[in-house]
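In what follows, chain A forms one complex with chain B and a second complex with chain C.
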Partner chain A sequence: MAIIEAHGIRKSYGSLLALHDVDLAVEEGEILALIGPSGSGKSTLLRVLDLIEPANEGELSIFGIDVVAERGRWLDLRRRMGMLFQRPIVFNASVYDNVAMGLRYRRASGDEIDRRVNEALEAVGLSRYTRSRATDLSGGEQQRVALSRVLVTDPEVLFLDEPTANLDPTSTATIEEIVMRLNREAGMTVLISTHDLAQGQRLAHRVGVMIEGTIAQTGPSSDVFRAPKDRRIARFVGVQNIIPGRVVSRTEGLTTVEAGGRQILSATPPPADKVEIVIRGEDVSLHRREPMHEEAENLFPAMLTRIEPAAPFVNVTVHCGCDLVALVTARRADALGLREGVGVWISLQAKAVHLIPLTGH
Partner chain B sequence: MHNQYNTITKMKTETLSTEPLPAGEEANVTRWNEYRGRYLDWCIVGFCIMGAAIVGITVLAIANITMTELADPAHLLKVAASSEVIGSILLTFGAGASAVILLILFGTPLAYVLARARPSRLKGAVESIVDIPLILPHTVAGLLVYLLFMRRGWLGAPLSEIGLAFEDALPGTIIAMLFVASPFYVNSMREGFEKVPVHLENVARTLGAGTFTAFWTVTLPLSLRHMYSGAILAWGRAIGEFAGVIMIAYYPFIISTLIYYSFTTDGIHTSRSIAFTVILVSFGVFYLLRRMTRYLGRYDDRV
Partner chain C sequence: MVNGNPIVEGFIEAIELIIALDPQVVEITIRSLYVSLTATFFAALIALPLGALIYFYEFRGKHAVVSTLQTLYALPTVIVGLVMFLFLSNIGPFGFLRLLYTPGGMIVTQTVLIIPLLMGLTVSALSGIDRDKRYTITALGASRLQTVMTIISEARFAVMAGVLLGFGRAIAEVGSVMIVGGNIRGATRVLTTAITLNTSMANYSLSIALGIILLSVALGVNLALSLVQRR
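== the complex of A and B ==
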């Protein structure tokens, strides 16, 4: 059952259109990551879904309740959800008082507050700071205080708005681990917005790509990263090669596309006559001499034209009619003796060649 | 023995008469060098001289009244201790405090709405209306209040029917003070609210607070300092009002009216003593209030 269902959400601030035509369904118990560049509307969407701000248009139902019609129930619904913000925000009071806020708003009894606050602080590993002033803690610790302040209210849905954007890797790992465990053990539904692609892939069951105020594509992260629907998504998910080409023929489940005089085989059915070929750099394999037993459908000689370090990898540009960028580990680049001007062979599986319709340039 | 004693005293006088002189000279020379070596910023010196003119007027005025009053302490004491003066001071301060309490009650919500509203023509209009008492001559402000609250005025007529009279009555004093002091309080409070980031309220709301609870538990506590200084400002403005008040309430005498009245009837001698008493009391009260701000909102936590 979808716990959140949104259709045609639109939100503008004056003349600035922040969200438009947003359709989204979040299943109970899943982790959905919203990825997208800054300013694409991720935070605004989370605020709309958490009922902090109303949308201008659109249908929205949360826990099966039509929230557009039932404005009077927003506070009750909001109390079943929780949100963690990008900046660690703690109030200038003790850690205990910070974490107790949500329970005090719900008029819980003193004993219950005591018990649950201590539990929540234990869960994020901050028990020893209970009496400390929250603003004296480090950024990572403050964010953990903020997280336990949310968790103490036992939310059914947890919104995380770029929760680790300002944190060091260790604090990030701690927070990710807590979120994963809550999802696994308590079945908490999680919506996380992030511009860290790796984090999206690490945590989420499903990924939604937001571009310019709308959700451009949703699906399992492997789909979104390997088979982006269009050029903007491909660019955002870090595809190195987007090459315009022309469909030549289609046989035995393989599409032949011509690009720069070179024929490349793809496993994607042709979406149009004029296409763009989408190839991730790490799918391109480099060899010094022609491989004898190569399974890949595409195999051709090329000239290495440029090599630039992108630790721990090396971006290698080769020319084979068209320019292709391959991502090679620095160690392998050394072993192959790669340098500018050498001839190489490249192999590329048809499955790794994704096709999207060519859109106007 | 005697000889020895003599030599000792001689040595003492010698040390006394000879040593301090060169040492003192030396010190003078180094101090002079210090001054000479220091760079003089003529711009700042000029500004200081110009500023001294302003400060000088206040200092001279107060010194002047202090000297003349302290010359005749018996008269000063007699005037200061008279029930008329004490009653008037208490009345003025009390009426000012009542006006400020009303302002806190009604002005705080207004300031919050203005701070949170998105810029719009309506918001601009309301802000201008709030500022109107600020730009009007006080007599005009007083006349406006009088015309509205007099026995036949739009608000005065229905209110006098339920027994609330404004003309020459304490409510009239309070309402006139409220009118002229309101921009000071509302603007200061609005500034305070504007400085509390909206996402702090959002945090409270995501934790289950309603709009009012978020305001009451987060925004207001973080703006207490502004509320306090706004209230002091408004209070100071209220108790200093004269022209605005006398239009509607010549009686009961607030302190300004009393001084003006005695100035025109008894002459300079009495009114000067009343004025001096007021200066002392006002200094004392405002000094206390300012000191209290130190303990308020010191742990201001805007994130």
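== the complex of A and C ==
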């Protein structure tokens, strides 16, 4: 059952349109990552879904309750959810009082607050700071205080707004671990926004890509990475090669596309006559001589035109009618003796060649 | 006694007056503190809730109200003195209260003088709580009242700093207490008016003694302010 269901959400601040046409369903117990560039509306969407601020238009139901019609129940619904923000936020009080805030708002008894706060601080490894002033802690510690402050209230849905964007790798790992465990053991539904693609992939069952105020694509992260629906998504998920082409024929499950005088085979059904070919750099294999037992459908000679280090990889640009960028490990580039001006062979599986309709740009 | 320089002599005499706890000096100091502390207390009682109301409620002209308050920070004390004099005198609407030339009247006047300052500083202290903190409070499930209480408690040090500034303005001003209080010996004479009078009467030692005391009060306020602001 969908625990959150949103349709046609629109939100603007004055003349600035932050969200439009947002459709999203979040299943109970899943981890959904919203990925997208800064300013694409991720934080705003999380705030709208956590009922921190109202949308201007659209339908929204949370826990099966139509929240647009029932404004009177927002406080109760909000108390079943929790949100952790990007910037570590602590209040000018002791660590204990910071973590107790949500429980005090809910009028929990003193004994219960005592027990749960101490438990929560234990869990994030901050017991020794219980009586310290929260503002004196480091950024990573403050974020852990903020996380325990949310978790003591036992939220059914947890929103994380770029929770680790400002943190060191150790604090990031701690927070990711806690979130994954809560999801696994307590079945907590988690919505996390991040501009870190790897974090999205690591944590989430499903990702939604936000571009310019709307959700452009949702699905398992592998789909979004390998088969982006359009050029903007492809760009955001780090596709190196987006090449315009023309569909020539379609036979036996393979589409032939002509680009730069070269015919390339793709396993994607043609979405239009004029297309763009989307190829991830790591899917392009380089060889020094013609491979004998190569099973890739696409195999052709090319001229190496540029080598660019991008540790631990190198970006190798080759020309074969059109320019293609291949991602090669630095070690392999050495072993192959790659340098500008040499002739190489490239192989490419038809499955790795994704097609999107060509749009004016 | 050192012969010659009246300033040096006055300074030495002033120290003697303070150390000996001269009754006149003590009386004036206590009255000054009493008037300004009481005025600050009543001003805070009125201005803090009003400032909070202005901050928490959205209404038309809110911006104009806040700008007006900020302009009134620099309200000339003699203007306040003049207006309050007219209000409290026998020909004014509050003449029946018989507050003119009494410490009570001075308290009312200083209260009026620093209310805009305390209101304005309360608004800006509360505005100092950033948006992310307010989102956090909401997300933690605070009701409307709980939100207000949390924000006020979070801004408490900044609000306190505003109150201290208000007290500093009250105890240091001379214009309005001179007009409304009349600088009557043993009744309405305070540090600032006593310094004015004694200086013009070439009674430098008493002026310097009172000046040293006024300076130490101001210094004390500043010290407290920096302690509060460090929190």
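A few points about this structure:
The rule is simple: the second predicted complex is superposed on the first by the 361 of 361 C-alpha atoms of A that agree within 3 Å, B and C clash if a C-alpha of one lies under 4 Å from a C-alpha of the other, contacts with A are read in each partner's own complex, and residues count from 1 in each chain.
The definition used in the following text is that a residue touches a chain if its C-beta (ideal position, glycine included) is under 8 Å from a C-beta of that chain, and two chains touch if they have at least 3 such contacts.
For clarity, every value in this text was computed on a predicted model and none was experimentally measured.
Overlaying the two complexes via chain A brings chain B and chain C into a clash.
Of the two partner chains, chain B is the only one that A:G14 touches; chain C does not reach it.
In the overlay built on the shared chain, the residue A:R106 is in contact with chain B and with chain C. Of the two partner chains placed around the shared chain by superposition, neither chain B nor chain C is touched by A:A204.
Of the two partner chains placed by the overlay, neither chain B nor chain C lies in contact with A:A6. In the three-chain model built by superposing on chain A, chain C overlaps with chain B at stretch 199-207, while the rest of 19-27, 37-45 or 199-207 show no clash. Where the contact sets of chain A with chain B and with chain C meet, they give residues 47, 50, 52, 75, 78-79, 81-83, 85, 87, 89, 91-92, 101-102, 105-106, 146, 149-150, 153, 159. Considering their complex, residues 13-14, 47, 50, 52, 75, 78-79, 81-83, 85, 87, 89-92, 101-102, 105-106, 135, 146, 149-150, 153, 159 of chain A touch chain B.
Of all residues in chain C, those touching chain A in their complex are 132-133, 135-143, 146, 150, 154, 157, 231.
Contacts from chain B toward chain A in the complex involve residues 118, 199-200, 202-210, 213, 217-218, 299-301, 303. Note for the complex: chain A touches chain C at residues 47, 50, 52, 75, 78-79, 81-83, 85, 87, 89, 91-92, 101-102, 105-106, 146, 149-150, 153, 159.
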